[in-house]
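Paired with subunit B in one complex and with subunit C in the other, subunit A is shared by the two complexes that follow.
Moving on, here comes the complex of A and B:
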């Protein structure tokens, strides 16, 4: 038990913070119920995938600045492909867009490995490229999404054997998120590949000397990041019904949630659960600000300030922790 | 016989070319600029006249000043992505405050957010050691939020472009753009500062080897804070110049200049990793990009395609410079 707490202490603390925020929300708005939780889950969906995309790369010791642009590109691609097409055609669009994310992510990784330019520069250049590509696919917000896809994030999951009141607290968007993340993450975490990703993030030279294929692992990490970003792009299209070529504020949000989630920006530490809970925390803060009837534009400022403060705090801890040899 | 004699030559020529490019990056850049102008003249015979040159200079100047911000921050291994937001903020505040205020007061009000954002950037990067990219991205997000709130409060008062800025941005005197009156002193100041003053040397020193610079007594955070404030101030002044040129205050006025400003500095031979480069190359880089944009407009390349091209230019040039440095 004590070992569990030591390893998962940060995540547990974060979870307590989330519960606390839920209590605060309930106090501000006594009517806060399952329906509001459902819309929270829907709002979290694209952010959560963006954070998952960033987490994989950060654990591997890198950073991916092209996450938001990748989401924009995959979103407009999906929206323009589904525009005017039949419902069945969407069955082909979804795997196609996911594969596109995977390939573009792998391209990110391959460029880093081949050109030997630092990841931050390569992904910055790719941010421009993907943004441009998104504008080429769709010049202005538009397109459409298949009805069954839109329905897949609205409503709740009926679980047999559970009373209706409990059912209401399991929104489809949350179930979709958990399923999509688990399908990729759990097998990865248990495989040799997952271990290699942690190894190259923790100490690249040591990993190389223990026979980890560093270049290949790095490419795979970026490919997975692209896959998660594509899921995020799809979820954007699904929840809004259109695709927008201008990237949202997902890059900064993903970095902030990664830091808040206990994943060290240096790499090799942390898991996926912490950042995902962190996303819920950040979104819930926004909900609370809205419930307090604060101007949405002011909310954006406060949210931005919180994210910058979190990133500053994370960087501060990293430099303070280093000389002592103890990292949080 | 002659074949054998010439055999080893290509290798040494390649090496010599690399050497030459690394030692005098300005000459190949000017050759590239001339080639682009010649292509333009072939595509559109007769385009090369006094009016076109003045027009090109007018559009290259705001870009060149913003690229100056990137050059200075890149010398320390940083980057300033908030320049677009800062320029937009100054321009927008100037255009709305001039309606009711004295020009001098409006000017000071317009420069206030620039100084504040620069200060926050500098403290975040210098004291908390957040990566400059993330930090400046975060402050630009917050700045945009403030601008949206501000826009609501002044919606009734309307906006006006001061005559002076109109004259500075678009006017010509004896065929020379008036903007040169601002640009020449700024350029001379930056070049002088980088090459002849202690502060300039500190920037190179910090970018080249931060640890060594610290150990030799450089107060890192003071240098960085001064640098980012200076960069923001220049961006704010660029915003005033740009509003005189574009004449339509909007919330995304200078945003399209951010990516080209990074590209101009990189093309001009400033290393994105710090410690190497200068402002003269950047000016030529800005001219190259402006001519290239004209060329792409004539070829009817859409905005998306242009962004893709600029992204690849940044990546390719960085990789090429990396090879040149490794070779030495």
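Moving on, here comes the complex of A and C:
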């Protein structure tokens, strides 16, 4: 039990913070209900994928600055491909765009491994490249999305056996997010590949000496990041119905949520659940501050302050919680 | 010789730019043999091991395993070929638990558990994250992980260097049995005691080339040392020094006076004096509070009770700079803790006095130059690679850490295991240096994990057990048996045999070590 708390304490704490924020929201806005929760889930969707993309590479000891640009490119690609095309054509577009993200991500990783240029430089360069490419695909916001795709994030999931009021709290956007992340993450965590990703982030030399193919693992980590970014791009197109070539505020948001989610920026530590909850926390804080009619500029300041406070408090708890002189 | 070698490497060459790390190294290991690989620091032992285990690639040379030529390109290849290394630094991934680490390398769990128990750790929790496991235990786990896959050739690089005596004993026993079971072990160590107890033959490297292969037999040490150094050295005991050298210690008030020092549960009621011109040894098993004692004296952690007096006046250190101000310098065992690895020898030596916190402003380069080159000359630091300290050999790095405090003219030096993992020649130089410093009226507190160093260097030795000083010996009485008894917390004069006790108590000592 104590080990569970030590390993999952951060996530549990974040979850408690999220519940607390929901209570606060309900107090500020007594009318806050399942509909608002649904729109929160829809708003979180692209952020959550961006965070997932960032989390994978940060755990592997890297960083990916091209996340938002990758989302923009995949988003406009999907939107322009589906523009005027049949509903069935989207069945081809989705895997195509996901594969595109995977390949571009792998390219990021391969460049870092082969050229030995630091990750921060390679992905920054990639940010510019992808930004330009997105504008080439679509000069201005436009394109379209298939109707069935749009429907996949609107409304709630009818679960048989559950009363309607409970159903109302399971928005489709949330279900989609959980399914997409689990499909990739759970098999990964259980495989040697997943262990290898943690290993190269934790101590590259030790990983190499343990027989981990470090270069290949790093490329895979970036490829997975690209895949998640492509999911984020698709979710943008799906929820807005168009593609926008200018990247949204997803890069810094993803780094913020990774940090808040208990993933060490040095690599090797943390999981996916923490950062995802952190995204909800950050979005909900913003909603609350908006509901309180606080100046948007002040909102940004408060968000920053919360982040530092939470991370500091968390580190403090971690240090105090560790038994003096760990025993084998 | 009729048996075919299990591993046969010939003509192995490796260059780093213009520097030849290995010129013509060869190594031939027979089945069932424990083979020592020896050489002064920088002779190329580590490079050869890395090549054999696929961590780096040789420029030239031939490696045969069971008579078949093998191209070992990665640690995974070497693993498949049955060659497993245990490196000096722990190889477990710090953020994964032990079980995940086993899964990562595909190591079977049950044999691993069995080996861990065999090696004297009865109560390992394999769900524990590697980061929270003490260094000595980690090294044993590395060994157990290698043993669990039953390798044909096991390469042990300074395996016993960081181990407390009880664990080291177990390790040596297990290694010996590997040989008896028909597996081969390549054993790198600076400790002759271990080599003569354990090994069948030794290959000696010097300057990147194999200079000889000898059978281990009584009295072979002199020849090996001779081969390693290329010159005949006298086996001088610094301890055999003139009486007037020691006498400086008498009279006057002590330089450093520690009374009832308390630090949580780690240190309890520690009191001792360190006089000017005196070298006081500290001897203890792993984790008995010696780390905390040195950290407290160096100002890195604050004691929870007790007093420290310097030259008779009480001090309270809240930062290492306070200790440095008082002329107390700390030389850690781990060089990486002390040096700015990417910077030059000059900058590293000059750091403490040009970057003193209260001396901001331009550095007086000319004066610095004089002091630094004085220190370099005095310690005979090999400055061929002076641009970056990380390119120096371990022994030379350690000299740099000591040189900086000589340059800064520190009056008291706290040396924490300064000769860990460095070669015999450099060790001798460091012993000599410490005695010289004492001769000039400086005082040295010297923790060592090697008992013979006590007699070579110290005037007195204090023994710590469980956070308390259990005994103080003048050097003449500090023979190995007496030190060992005291280090295990036995009263002086008890007749119990240390070897047996070490076997009875591994569990309790392993806990103490954590």
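In this section, the second predicted complex is superposed on the first by the 293 of 328 C-alpha atoms of A that agree within 3 Å, B and C clash if a C-alpha of one lies under 4 Å from a C-alpha of the other, contacts with A are read in each partner's own complex, and residues count from 1 in each chain.
Convention: a contact is a pair of C-beta atoms (placed from the backbone, for glycine too) under 8 Å apart; a residue touches a chain by one contact, two chains touch by 3 or more.
Quick caveat: nothing in here was measured; it's all calculated off a predicted structure.
Contacts of A:212 after superposition: subunit C is touched, whereas subunit B is not reached.
Taking subunit B and subunit C in turn and counting the residues of subunit A each one touches, the greater count comes from B.
By the touch criterion stated above, A:124 is placed in contact with subunit B alone, subunit C being left untouched. Looking at the shared chain after the overlay, A:268 reaches subunit C, while subunit B stays out of its contact range. In the superposed pair of complexes, A:20 makes contact with neither subunit B nor subunit C. When the two complexes are overlaid on their common chain A, residue A:203 makes contact with subunit C while staying clear of subunit B.
Contact with subunit B, but none with subunit C, is seen for A:134 once the two complexes are overlaid on the shared chain.
Of the two partner chains placed by superposition, only subunit B is touched by A:312; subunit C is not.
In the three-chain superposition model, subunit A touches subunit B and subunit C at no common residue. Remark: subunit C residues 53, 55, 74-76, 79, 85, 87, 89-96, 100-101, 103-106, 121, 123-125, 127-128, 132-134, 137, 264-266, 510-511, 514 touch subunit A in the complex.
Those residues of subunit B whose C-beta lies close enough to touch subunit A in the complex are 124, 128-131, 133-135, 137-139, 141-142, 144-146, 148-149, 152, 259, 262, 272-273, 302-312, 314-315, 318-319, 322. By the touch criterion given at the top, residues 63, 65, 111, 115-118, 120-122, 124-129, 131-137, 139, 245, 249, 251-252, 255, 295, 297-298, 300-301, 304-305, 307-308, 311-313, 315-316, 318-319 of subunit A touch subunit B in their complex.
For subunit A in complex with subunit C, the residues that touch the partner chain are 3, 192, 195-196, 198-199, 201-203, 205-213, 268-269, 322, 324-328.
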